[in-house]
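The two complexes that follow have subunit A in common; it is paired with subunit B in the first and with subunit C in the second.
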Partner chain A sequence: MLILLFQSFLRATGVRLGLGFLLAAGLISLLVGRQFLDRQQRHRHEVGAAQQAELRQLAQFHAKEMGLMLYYAQFGLVNETPPLAGLSIGQRDVNPAVQRVTIRGLEAQKYDADLHNPTNLLLGNLDFSFVLVYLFPLLIIAFTYSAVSEERENGTWRLVAVQSRYLPGFLTQLFAVRLAVVLAVLAALLLLAVPVLGLPLDASLGLFAGTAVGYVLVWFGICFWVASLGKASGTNAMLLVTAWLGLLLVVPAAVNQYLLVRYPLPEALATTVRQRKGYHEKWDLPQAPTVARFFAHYPQFRHFPLPATSFNWLWYYAMQQMGDDESAPQAGELRRKLYQREAASRQLALLLPSLHAQLGLNDLARSGLGNQVRFLDETSRFHEQLRLYFYPRIFGEQPVAAEPWDRHRVQVFTDRAPLRPAGLLLPPLLLALLLAGLGWRNFRRHLYQL
Partner chain B sequence: MLQALNLTKRYPAGAAGAADRPALNNLNLTIAPGEIFCLLGQNGAGKTTTINLFLGFLQPTAGQALVGGLSVAEHPLETRRLLAYLPETVMLYPNLTGLENLDFFASLAGFRYSAAERRDLLLRAGLPAEAHARRVGTYSKGMRQKVGIAIALAKQARALLLDEPTSGLDPKASNEFSELLLALGQAGTAILMATHDIFRAKEVGTRIGIMREGQLVETLPTHSLTASELETIYLQTV
Partner chain C sequence: MPLSPFRLIARHQWHTLLRERAVWLLLGLVLLVAAYAAAAGWTTYRQQQATQVHYQQQARRDWLSNPDKHPHRMAHYGHFAFRPRAPLSLFDGGMDRFLGNAIFLEAHRQNPVNFSEAGFSTGLLRFGDLSLALLLQVLLPLLLFFLGAGTVAADRENGTLRLLLTQGVSWPQLLLGKAAGLLAVGLLLGVPLLALTGGLWLAAQGGAPSLDEVLRFGLLTLFYGLYLALCCGVAVLVSAASRTARTALVGLIGGWLLLTMVLPRAAQALGSYVYALPSKTAFQTAIQADISRQGDSHNPDDPHYQALRDSVLRAHGVATTDQLPFNYGGYVMAEGEKISAGIYTRHYRRLLDTFRQQNQFARSVAFLDPYLALKNLSMALAGTDFLAYTRFQQQAEAYRYALAQQMNQLQIEHIPNRKRPPTEKDHTIDRAYWQRVPEFRYQAPTVQQVLRAEWVSVAAFGFWGLLLLGLGRRAATRLTAL
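Let's turn to the complex of A and B:
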């Protein structure tokens, strides 16, 4: 009988069109992901090669002065892109995956971004997570809005109700058939993604699939509950499309606005202004106090004497350091607010399945705000390491040629923030169960009515 | 087998079909196994309401509908298992063939038939063999009605409820259907049939009930009457 239900469902022209459309969108999203990963990989290789060539060139050009050499020398830190990011690009398209920093003031360099095609940024990427979060619900709605009401409207319900030995079982099968078809499309796309994107078969992929299934289940829960209200097909369709608009467009926009108001970020500009002032005003001030404050920050360099010249590198890098030191409160505030926004959106996401799925997928793909903030933190650490390594070599006037420049390769940051399987999987499952339970309660009241 | 005890149905005020008088008023009726009871009456006389009460689609306002001695309101699943039903317009799944629809509805009721058995059932119901494997979306009303007859036969029910079953059937098919009903009656099935067709009712019915405004006003045995006598009584009653 299940086979007959499948046949009856799959033979409908609309169903085939919908499935074809979803599969096509899914395939396109995989190609978009492949392109994205290729681009990231190309950039990474190019940056690595460029850094080696550039350092060699600079070492020849500024062979006399270590300080001048390091004024120009840039060192790259790559935010490693896991293949899963091909499925959920998240903020990876806006935020640079490679930070190239000199040992001068960090704050001025931290938020330098790549150049982007503004049209792409406006539309967002058609990546797999978009297909899942936005398009899958549309198909689920199209498949289920009339699942029960249509039987009543077309008159088959009479015969079904009299023939069926257990009507709730038939009802379950109606939805199970549709769920199976949608999950089959999901599984096909994810299986195809493994070779196309070169995904490793690991826990992250398992959780990614689990999150996707959870999201699909929530939408089936919503559709089941709406069907249980016993309204006409047209009313169901309107209710569900309204739910789609609300959950995917209206409420997220409201949440975003709330976060912007609740955690404003004027510090981005304040940090820049403070950092510039901290650095530039030092040009007009005597050298000694600046250097004294520099030594207070780094007592280990106290033994380097301040040269009695109108310009020297110790003073110059002390000025640069003051830019960072004096803007540190603003920078810290910015970082704290970014973390707060991230935490607040996570809490709200517990109630918003669409947001929860998107954030969860981005977490797993290491392409969300959390990853970006951690990458910025790592950039700060990386920058600090460079300073601590090069300051003594500059102040001690080590010859440029004595430094093994080839050893300064591009570093890679691998985000290993722990994943929380329960936090990812439980909220959608509980919500789906709740909706299914409420739906059952409604159905029991009018299952046998016409 | 089928029994109505003071069966009354009053639709809530303001609901569709609500009127001052009850849709069904104090119906008392017993249909024994092998008996074919034909309900005659104008549109709105309460025939379909009676059938819907036996099927459990409606809850009685007062009284009881019993199937096999069990109250429909209290044992909806058990009583439905004893019943087969043929609605006035049989609606099926348009994307499945006649054979597949029969298979589907039979398995809903818990019956597995081989392909040969299903073909045989459809032939008995009068559906020509060449239509069996065609999708029901291409069927006429009469052809769907025949699949509905086959579905009712497949359930091997002890009681059969028919609501204007021959509407949409051509005279030849109606005739074959009458023979089918007589055979079922002889095999011990209790049959309740709502109809407008006085002559058909005289032909197959063992008894005839005439309804008017929700009340069973006359019950007559058919063997003692001719069709024209019956028509006269009917016209006088309604």
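Let's turn to the complex of A and C:
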């Protein structure tokens, strides 16, 4: 019986067309992911090579002054792109994966944008997460909207009801066949992704697949529930497409709009304007108070004497430091708001399977806002280390040639924020079960109505 | 006077559609979403506008409050340019979210435009922007497809089509009548949405709108009207060619999905694959390499600047730069700025060309996908497209260059050549000079420039209109009632 159901289902041209389309889109998405990973890889190499070459050249140009050398020298920090990001590019195309900072004021450098074509960003990536989140539900809708209603409309339901030994069993099989086909497509794409993107077989990949399966189950739940209402095929299609529009176009966009209004970010501009003032106004003030404040921040450098010249590097870097120190409240507020946005969208996502899936996949692929904020935090730490390392060498006027510049390689940040399997897997499973239960109750009421 | 069959059919279609309670429900739902989109859009617009004006003024105050200084210090103090939002961005946000909002303009350096909304957004951003334009571009066409799928096919299914045709109604009358009735229902929603847009747009002007703004709004209305008519035509034609309303619906939804969801992304992906971009590092390294080749003012042994010094010394008949009648340091910096800005602009133009090629690729796909034509035109007229953005960047760079050179000129003219001993304060000039630097003002491209940049989209619109007419004609002679 089950085999017959499979055969009759797979024989329909519409079904084959749908499957072919989904597989083609899935394959393209894997190629898009591969291309993205290659690009990231290439950039990473370029940064490494550029840093070596530039440091060498600068050390030649400014051999006499450590302070001047470090005015120019840039040090790179790379936000490591895990292969999973090829499946869910998320915000990775917006945010730069490389930060190159000098030891001067950080706030003036931290938010430097990448080179990108805004049109590409606007239209979005055709990555696997897009195929999963947008296209899989449509296929599920197309496969199931008339699964039961069509039998009723054609009059075959009576035959089935009379001949089937156990009607609920038949109903289950009807949906199980479709679920199996959709999951097979999902599995095929993910399996193919392993060699194409070079995915390691680890917990992240398992959770990624689990999240994807959970999302598919939710949509089957929705379709099952709609089918249980006993409406005509046309009405089912209308209801399901409306649900799709709501969950994928209208509600997420509305939620995003709400977050923007709820957590506006004037702090971004505030930080940058304050930082400029904090640094530049020190040029017109006496040196001693600025340097005193610098020593209050870094007591360990107190023993360096302030030279009596109208310009000296101790004073210069103290001024730069003041730009950061004085804009710290605004910068802290900005950071806090970013975390709030992230937390708020996560909470709202618990109720909306589409958001939950997309944000969950981004988390696993380390391509969401959380990753970006952690990378910014790491940039601050990295920058602070550079300062602590170079400040004494500048103030102590260490010769430029004495520094092993070749050892200052590009550093890599690997995001190891913990994953939360329960938070990823439970909400969709519970929702799918709830929908299936509700649908089952409806079906029981009129399963034998012919 | 008896009504013509065309008007009768149109009227009948209108009544049939509006008899359904579900249709009213959907219309109400869309209006509700529109109200939310308008309210939220207005709030963000006001917030962003206020923030931007506030910091623009603060940055200006900071600039003016500088005391007497060495002009080169002011060249580094620099200025900010904030990207203002166009009034029609309330209707169609376009690329706004993905574009940087502030750029720091200083001597020697071309900084990126930073702080885009997208950089501070969660993955939610990728679900799109809830704007009135989204409703008109995406949702309303789908609604029309839902309503239009049955226009002819349902009549065919229940046999009324045969009756109609035997009673002397011609195919053209039937198709046009059905399409007109459908369009009327579409306008029932489209007109309030455009009226809402008009209200927001007027409120955002803070005064009478300029002729340019009026033209933009008028053209937007025109193109959206055309697009809705196009959708109605397509819906009726597909319905007429389908045996049942259900096959028509499946075809229309499938087409909608392909054209609004999949094809735009695929086209852009292919475009950016064909025309690859350099990385930021590669871009900067290439610029630096060119500067080193042509003359690096930061390299003390640079041959270009050595030659420059020798020729200046010879021309003035002096032995050292200290004896020159003007400030030589300022002169060298002016030269350096000229060289580096020229090289930067050359590289940046090349980058823009790559962007344009990528975009043009996707834009040409509008001949396959009318949705792209509308989307691009809408963004362009709303002032939230690529053209408006590059204008902002270029004007900001021009302002930066003028500022840096103005400071260099002040140094050349007013700063003595002989440096003070290291223990004394540096030379300064009067703070009154800071007043002379004008504020940055962004000039949006005119409607003519916008249309010139979007000619492909306009042509695609024309192409689709003609195609639809042709198909309609063909259908009228070939269709059968069965």
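Following the convention adopted for this analysis, the second predicted complex is superposed on the first by the 450 of 450 C-alpha atoms of A that agree within 3 Å, B and C clash if a C-alpha of one lies under 4 Å from a C-alpha of the other, contacts with A are read in each partner's own complex, and residues count from 1 in each chain.
To be clear about the criterion, contacts are C-beta pairs under 8 Å (C-beta built on N, C-alpha and C of every residue); 3 or more make two chains touch, one makes a residue touch a chain.
Because the structure is predicted, anything quoted here is derived from the model rather than measured.
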| item | value |
| --- | --- |
| Partner chain in contact with A:L126 - subunit B first, subunit C second, else both or neither | second |
| Subunit B or subunit C, by number of subunit A residues touched | C |
| First, second, both or neither for A:L425, with subunit B first and subunit C second | neither |
| Which superposed partner A:A59 touches (first subunit B, second subunit C, both, neither) | neither |
| First, second, both or neither for A:L19, with subunit B first and subunit C second | neither |
| First, second, both or neither for A:S8, with subunit B first and subunit C second | first |
| Which of subunit B and subunit C A:H280 touches, first, second, both or neither | second |
| First, second, both or neither for A:A108, with subunit B first and subunit C second | second |
| Touching partner for A:V261 - first (subunit B), second (subunit C), both, neither | second |
| Intersection of subunit A interface sets (partners subunit B, subunit C) | none |
| Of subunit A, residues touching subunit C in the complex | 14, 25, 28, 32, 35, 39, 42-43, 46-47, 50, 53-54, 61, 72, 90-91, 94-96, 98, 100, 108, 111-126, 130, 134-135, 138, 142, 233-234, 237-238, 241-242, 245, 248-250, 252-261, 264-266, 268-270, 272-273, 276-277, 280, 283-284, 308-311, 338, 341-342, 345, 354-355, 358-359, 362, 367-369, 372 |
| Residues of subunit C touching subunit A in the complex | 22, 26, 33, 36-37, 40-41, 43-44, 47-48, 51-52, 54-55, 58-59, 62, 66-67, 69, 73, 76-78, 80, 82, 94-95, 98-102, 104, 111-130, 134, 138-139, 142, 146, 245-246, 249-250, 253, 257, 261-262, 264-269, 272-273, 277-285, 288, 298-300, 351, 354-355, 358-359, 362, 386, 389, 420, 422-426 |
| Residues of subunit B touching subunit A in the complex | 52, 55-57, 76-77, 80-81, 83-85, 87, 89-93, 95-96, 100, 103-110, 135, 148, 151, 155 |
| Residue numbers on subunit A that touch subunit B, as the complex places them | 1, 4-5, 7-9, 11-12, 154-156, 158-166, 170, 448-450 |
